[in-house]
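Two complexes follow with subunit A in common, the first pairing it with subunit B and the second with subunit C.
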Partner chain A sequence: MMDFLPNADELRIQGLARSYARGPLAERAAAHDAGAFPTASVLGLAGFGLMGIKSPVALGGLGGTNVAYVLAIREVAQVCASTAVTMAVTNMVGDMLLQFGTAAQQERWLRPLLTGAFTAGAFALTEPSAGSDAASLGTKAVLSDDGNTYALTGTKMWITSGDVAGVILVMAKTDADAGARGISAFLVDPASAGFSVGRHEQKMGLKGSSTVSLTFDGVKVPVEDRLGPEGIGFRIAMTALDGGRCGIGAQALGIAQASLDAVLASMAARKRDDRALGTDQAAAFRIADMATRMEAAWLMVLRASALKDAGQRMSREAAMAKVFATEAAGFVTKTAMGLASAADLRTDSPIGRAYRDARVARIYEGTSEVQRIVIARELVRAS
Partner chain B sequence: MEFALTEIQQMVLETARSFADNELLPNAAATDKTGTFPAAAVKTLAELGFLGVAVDEKWGGAGFDNLSYAIAMEEISRGCASTGVIMSVNNSLVCDPIKKFGDDFQKKRWLTPLAQGRRLGCFALSEPGSGSDAAGMRTTAILDGDDYVINGTKNWITSGKEADVCILIAHSDPSERHRGISAFIVDRQESPYGIGKVEDKLGIKGSSTTSLVFDNVRVPAVNRLGAEGMGFKVAMSTLDGGRIGIAAQALGIARIAFEEALAYSRERSAFGKIIGDFGAIREMLADMATEIDAARLLIWRAAVGKDRGENFGKHSAMAKLYASEMSARVCHKALQIHGGYGYVKEYNAERHVRDARITEIYEGTSEIQRLVIARATQVAFDTSQS
Partner chain C sequence: MNFELDETQEMIRDSVRSFVAGRVSQPAMKWNEGHGDAREALCELAGLGLLGVLVSEKAGGAGLDVLTLAISLAELARGDAGLAAMVAHHNAVALGHLLAAGYDNKPQLQRFAQGDALLCRAASEGSDHLDGATITTTATKQADGAWSLKGHKRLVPLGNLASHSIVTAMTEAGPIALLVDLDAAGVTRTLSDTLVGLRTCDLADLTFEAVAVPEANFLGDAAAVASRVAALARITTAAIALGVTRAALAAGVTYSLERKQFGKPIARFQPIQWQTADSATELEAAELLTWRAAWQLSTSGATAHSVEKAAIFALESAQKVADRALQMHGGYGYTVDFPVERHFRDAATLRILADGPDVQRVAIAKGLATGANGVR
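So, the complex of A and B:
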C-alpha cells in the first residue's frame, strides 16, 4: 500500500533524533558552526543508538529502516548540518560492516562505532586526482609474500571525520590492471604505523565537521581486516553511496527547512513592524516555490528509502532523490537570502549558515553531474 | 513506510495503459488535427468505469480510490490529452461535488448516469469577466417560486458542447460576495441553455471549450447542490480535487513527450554516434525523468491524502503547480531533442507542447496555486511556533 506514513518504529526513531537535536544539540549548533568538532553531540547521539540506526540493537544500534534513517538525519540536519554529516558517514561505514563484514569484524569495528567508543567512522574513496571517476583511484594494497598482510600506499582526500575516526574504510587497488574490479575495501586502524592525517580543509560550510586528507605510507593491514573478498571494493563503495545518497538528500532538506523556517520567522517579525512582507505576492510566490520543491524532494527521498527497505533495486531513485533534494536545497537557501533582512545576511545567522552548509550537498557522495549520468544510464538500460 | 500499489491500483494502471497504447495513442494526432470530440474513446472510458473512478459502486461508479483515479488519469492523458481532460472534468468537477454535496435524489438522478457515462458533465464557474477572482462572477440565480431563474454567461467550459449535465455556480444573493453564491445541477434536457462561442484553442483540441449562455433559464430548486450560500465552498472544494486530475493530465502529457524523446535519442545519429550518447542530451533526459517522478509523487501524495480524508488542499495545489510547470519544461526539452523534427507535425513533440500549456492555467492558474501554498505554509509554520 502507498501510505507515505512512517510506521510507529520509524516515528519513535525520528522522535529520538528530534528531541536530541532540538535539545542539547541546538545549544551547541552555533559553536559547531564556529568550527568546534561536535564530539559531545556525536557521543550524545550514539547514546541513543543514532550512530547505527539500521544496525541491530544487540550491537548498540536501533534496528531501524532506511526510512527511519532519513527521518533522523533530517531532524539533526535541521539543527546542525555539521553533526548530521558526521552522523551520516558513521552510519554509512556501519552499514557496510553490517552488510559485508564477518561476525568478528562486526564485533571489533561495528560495536565501538555504535556505542561511541569510536567518535566516528570514515570512508576513504576519493583521491587528489580521482573524484567522480572513482575507479581510477591510485592507492595500492600489496599483499605480502606470506599472504598475511597488505601494505597500503596512497593519499585520500576530502575525508569526513578522517582525523577523529576509530575506523577508516579505505578503497585501494589490489589489482592495478583490473579497473573497478581490481578495487578492494579495507578496515584501517588509525593507530597503524605509516598512517598520517594531512591538511584540515577550511570549508565555506559544515564548519564543525572535519575534512582532511589522509596519507598511507606502507600501512600494514592484516588480511582479516579486508572487508569482503578481493575485488568487490568498488561494489561496496557504490552500495554505500546508494544508501548515502538518501542520507545526503535528507541532510539537504533539513538544512532547507531551517532556512525556510528562518525566513518565515523573519518575515513575520517584519510584518509586525508594519511592513507587511508576508502578504507581498513576490515573497509569497517564492515561499510557495520553496515549499513545493522541498515537498517533492522529500517524497523522492522517502521513496528511494522505502524501496531499499523493500529490498528493491533503487540506484535510479536514489540518484534522483539526491540530485533533486540537494538542488532544491540550493534553491531554497539561495532564495532565502533574497527574502532575508540585512541582519539575516550575517554569515552566522541561520539563513547565512544554511546557505553555506547546503552547497556541498550537490558535490559530495556523487556530484549532481554524476547523479544525472547514473539516471540516464538507468533510463537507457530500461528503454 | 510502504511504497507499493495495491492489486486494484496495479490493475487500474495496466487497464488504462493498455487502453491508451491500443486505442488512444494511435488516434491522438488525428484527434488534435481534426479537433473532433473523441466519442469512441469516451464510450470505452465509460465501459472501463473511468468516468466515475472514485464513485461508489452503489451509485454506478467503479468504486476505486483517488489514487487509482490519479493513476488512470496519467495513463489516459499519456494516450490523449483531450480525452484526459474530458475524463478529469467528468470525474473531479461533476461526479465529485454531487458525491460530496448531493442528496440521494440528486445522486440517483445524475451521479449514476454520469458515473456510468450515459451522460456527460461540465462545470461552469469562470465568466468572461471573472476567472481567478471567482467571487467576482456576475451570473445570477434568483429564486422564483419553486425555480431559480438563471441569467449570465459562463466561459471556458470544457465539454460544453457535448455535456448535458452542468454544475453551475451563480449568485443567488447578488448583494453578497462569497456568501451569496450557490451551486446548481443544471440538466440541459430539463433546462435548456444556450451554447455560445466554441473556442479555437492552442491545444487539447479534441475537447470542446465553449461559453454557456443562460437567458432566463429556469432550474428547479431541488437541483440546488448544498445549501444556499454554500456554492463558493462547493466550487473551491471541487477544485481542490480537480487539481489532482489536471496534475495527472499534465504528468501524462510529459510522460509521452519524454518517452518519444528518449526513443528518438536512441535512433538519431550525429557526429558519428547516436545523440542519446551525448552528455548534453543525457542530462536533459535525466532531468526530465527526475521531474516526472517528482510530480508523480506529489500527485500520489495528494490523492492518498484525499483518500484518508486529510485536508489535502496544500498537497493538491503543490501537485498541480509542479506537475503543470514540469510538463511545460519536459515538453519543451522533448521538442528540443527532436531538433527540426520537433517543430513539424510529422512527429508529436509540438502537439505535446501545445497540450501541456493549458494545465498551467485551468482549474486555478499557477499564480493561484502559489498563493494557496504560501498561505498554507505560513499557517503550518505559525502553528508549529505556537
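So, the complex of A and C:
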C-alpha cells in the first residue's frame, strides 16, 4: 500500500538529527562556515549513531533505513551543509563496508567509523583527469609476487575528509586493460607509508568541510583490506553513488530549506505600504515556486530511498532525484538572493551561505550532466 | 542605423581592455580574497580619464556620453566587477547626481572629475525597507542657514574612500540632497559587512550625527533628479553585468576546450555546446539592449523603459551565464583558483547597485498599462 509517511523509527532518527542540528550544531555552524572543520560536531553526531545510520546497532549504528538516512541528512544540512557532507560521505563508506565487507573488515574499519574513533571516512574515486569519466581512472594496484599485498600508486582529487579520515576507500585498477571491470576497491589506512595529503582546496562554500588531493606512492595494502573481490570496485563505487546521490539530494534540499526560511523571515520583517511582503505577488509567486520545486524534489529523494529500502534497483530514480533536487536548490538559493534585502546579501548571512553552499551539489557525486547520462542510459536499457 | 562603435569609443574600450589585462585581471583574485585593495587601480583609472567620463571637458572631465561610459564599464567588469562598481558609482550615480542637480562649483567638480577626490552617494538605508524612497535621515535648516544632518546610510559604495558624499535626507518640504564632507565632525564611517560578491567594491555604513552642512552644499530637491540618477545606476549596472557575462562565457569556453573527458575536450559534447551557444546568444541580446538604452540616454533620453529592459535582461543573463560556466568547470569552478567562482557570486550581488529586476518589471508593466512607454 502506498504510504508517504515515515515510520516511527524513521521519525525517531530524524528527531535525533534534528535535535543535535538545532542544538549544539547550530551554535557552531558559523564557525564551520568560516573554515573550522566540524570535528566536535562529527563526534557529537557519532554519539547518536548518526555516522552510520544504516549500520547495525551492535556496531554503533542506528539500524535505520535509507529513508531515515535522507531525513537525517536534510535536518543536518538545514543547519550546517559542511557537517552534512562530512556525515554523508562517512555514512556512504560505512554502507559499503556493510554491504561488501567481511565480518573482520567491519570490525576493524566500520566500528571505529561509527563510534567516532575515526573522525570520518573518505571515498577516493575521482582523479585529476578522471572526473565525470570515472572509469578512466589511472591509480594502479599491483599485487606482490607472493600475493599478500597490493602496492597502490596514483593521485586522487576532491576527496572529502581525505586528511582527517580513519579509513579511505580507494578505487584503483588491478587490471589496466579491463576498463571499468579492472577496478577494485581498497580500504587504506592513512598511516600507511607512501600516503600523503596534498593541497586543501579553497572553496566558495562548504568551507567547514575538508576537500583535499591524496597521493599514493606505492602504498602497501594487505589483500585482506581489499573490499570485495577484484574487479568489482567500479560496481561498489556506483552502488555507493546511488545511495550517495539520495544523500546529496537531501543535503541540497536542507540548504534550500534554510534559504527559504531565511527569506520568509526577512520579508516578514520588511513592510512595503504597510503590507507584509507576502502579499506582494511578484515575491509570493517566486516563493510558491521555490516551495513547490522543493516539495517535488523531496518526494523524488524519498521515493529513490524507499526503492533502495525495498531492495530494488534505483539508479535511474537516484539520478533523477539528485539532478532535480540539486537544481531545485540552485533555483531556490538564487531566487532568495533576489528577494533578500541588501543586508541579507552578506556572505555569512543564511541566504548568502546557502547560495555558496548549494552550488557544489550540482557538481559532486556526479555532475548534473552525469545524472542525465545515467537517466538516459537507464531509459534506453529499459526500452 | 549603425551598430559600430565610433573611433573614440573603440579607443577607450581598447585602452580599458589593456588596462584590465595588465593591471586588473591578476590582482582581482587577491582583492576578492580580501588581500590588498584596488585603490591604486582607481588612481590609475583617474589617469586614464575614467573618473570624470560624463563631466564636460570645460569642467575638467572627459566630456563623453553614457554609451562610452557603459562600454568602459563593461570592459572593466571583465576584470573585476567590484572595481567597475566603484567606477560606475563615482561617475554615474554620484557625479551623475551632481551634474543633474546643476552643481557649479568648478574647482570642486574638477577635483572629482579628475579623480583627485572620490565622490559617493548615500541613499540606501539598508534592510528595513524595500522601498529605497523611504528616507529616515533628516536635514534641518539652522538659524545660520546651514543644514543639520542626522541619520544612517548603509552599504554605500566608496563610502570609505570618498572625500564627499551626496546624502539624501527628508525635510519638512520633502526629500533633498546635500553634499557632505565626510571628514566633517559628526560623520562616522564603518566598513560594511562583506557581501557574497563584489568584494573589491569599497562599501561603508555612514552615520551622521548632527553634521553641519554649509548652505552652499545644498543640492536641491532629491526627487527632481531621482529618475535620471536611477536610469544611470541601472544602465551602468547593466554594463557591469555585461562584463561579468562576457568574462564568464570566455572562461567557460576556454576551460571546455582544455578539459578532456571520455577522450575528447568537453567542448565537443552537445550539452556543453548548447550551454555555450545559449550563453553567447544571451550575451548578444543583453549587449544590444544595453548599448541601445545607453545610446538613448546619451542622446534623446531613454524611452519605452529601454533602460529597465536592459537592466533586467543583463542582470539575469549574467547569473545564467556565470552559472553555466561554473558548471562546465566542474569542481574547479567551485574553488577560488578560477575566476568563474567570483563571477557566479558577483552576478548575484549586482542588484545592490540599482533597483532589483522585480522593481523594474513593475515599472515596465506600469508603463505599458498607461501607454507611457510607447508600445501601445
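To be clear about the criterion, the second predicted complex is superposed on the first by the 378 of 383 C-alpha atoms of A that agree within 3 Å, B and C clash if a C-alpha of one lies under 4 Å from a C-alpha of the other, contacts with A are read in each partner's own complex, and residues count from 1 in each chain.
Simple rule for what comes next: a contact is a pair of C-beta atoms (placed from the backbone, for glycine too) under 8 Å apart; a residue touches a chain by one contact, two chains touch by 3 or more.
Everything numeric in this text was worked out from a predicted model, so none of it was measured.
S.K.: Would you mind checking whether subunit B and subunit C clash or fit side by side on subunit A after the superposition?
M.R.: They fit side by side.
S.K.: Answer with first, second, both or neither: which of subunit B and subunit C does A:E201 touch in the superposed model?
M.R.: A:E201: touches subunit C, not subunit B.
S.K.: Figure out whether A:D217 sits in contact with subunit B (first) or subunit C (second), or with both, or with neither.
M.R.: Neither partner.
S.K.: Have a look at where A:R372 lands relative to subunit B and subunit C in the superposition and call it first, second, both or neither.
M.R.: So A:R372 meets both subunit B and subunit C here.
S.K.: Where does A:E27 make contact in the superposed view: on subunit B (first), on subunit C (second), on both, or on neither?
M.R.: After superposition on chain A, A:E27 lies in contact with neither partner.
S.K.: Which partner does A:E107 contact after superposing on A: first (subunit B), second (subunit C), both, neither?
M.R.: After superposition on chain A, A:E107 lies in contact with neither partner.
S.K.: Tell me which partner A:S132 touches in the superposition: subunit B (first), subunit C (second), both or neither.
M.R.: Second partner only, subunit C.
S.K.: Please compute the subunit B to subunit A to subunit C angle from C-alpha centroids in the superposed arrangement, rounded to the nearest 10 degrees.
M.R.: 80
S.K.: In the overlaid three-chain picture, find the nearest pair of C-alpha atoms across subunit B and subunit C and give that distance in Å.
M.R.: Value for subunit B versus subunit C, nearest C-alpha atoms: 6 Å.
S.K.: Once the two structures are superposed, pull the subunit A residues common to the subunit B and subunit C interfaces.
M.R.: After superposing on chain A, subunit A residues 369, 372 contact both subunit B and subunit C.
S.K.: Can you name the residues of subunit B that touch subunit A in the complex?
M.R.: Interface residues on subunit B, with respect to subunit A: 1-6, 9, 67, 262-263, 266, 276, 279, 282-283, 285-287, 289-291, 293-295, 297-298, 300-301, 304, 315, 318, 321-322, 367, 369-375, 377-378, 381-382, 385.
S.K.: Hey, which residues of subunit A end up touching subunit B in the complex?
M.R.: Listed in rising order, the residues are 1-7, 10, 65, 67, 260-261, 264-265, 268, 278, 281, 284-285, 287-289, 291-293, 295-297, 299-300, 302-303, 305-307, 309-310, 317, 320, 323-324, 369, 371-373, 375-376, 379-380, 383.
S.K.: What residues on subunit C touch subunit A, complex-wise?
M.R.: Within the complex, subunit C contacts subunit A at residues 124, 126-131, 154-155, 193-197, 260-263, 269, 271-272, 319, 323, 326-327, 330-331, 333-337, 341, 344-345, 348-349, 351-352, 356-358, 361-362.
S.K.: Under the touch definition given earlier, write down the residues of subunit A that touch subunit C in their complex.
M.R.: 126, 129, 131-133, 136, 157-158, 201-205, 266, 269-272, 277, 282-283, 330, 334, 337-339, 341-348, 352, 355-356, 359-360, 362-364, 367-369, 372
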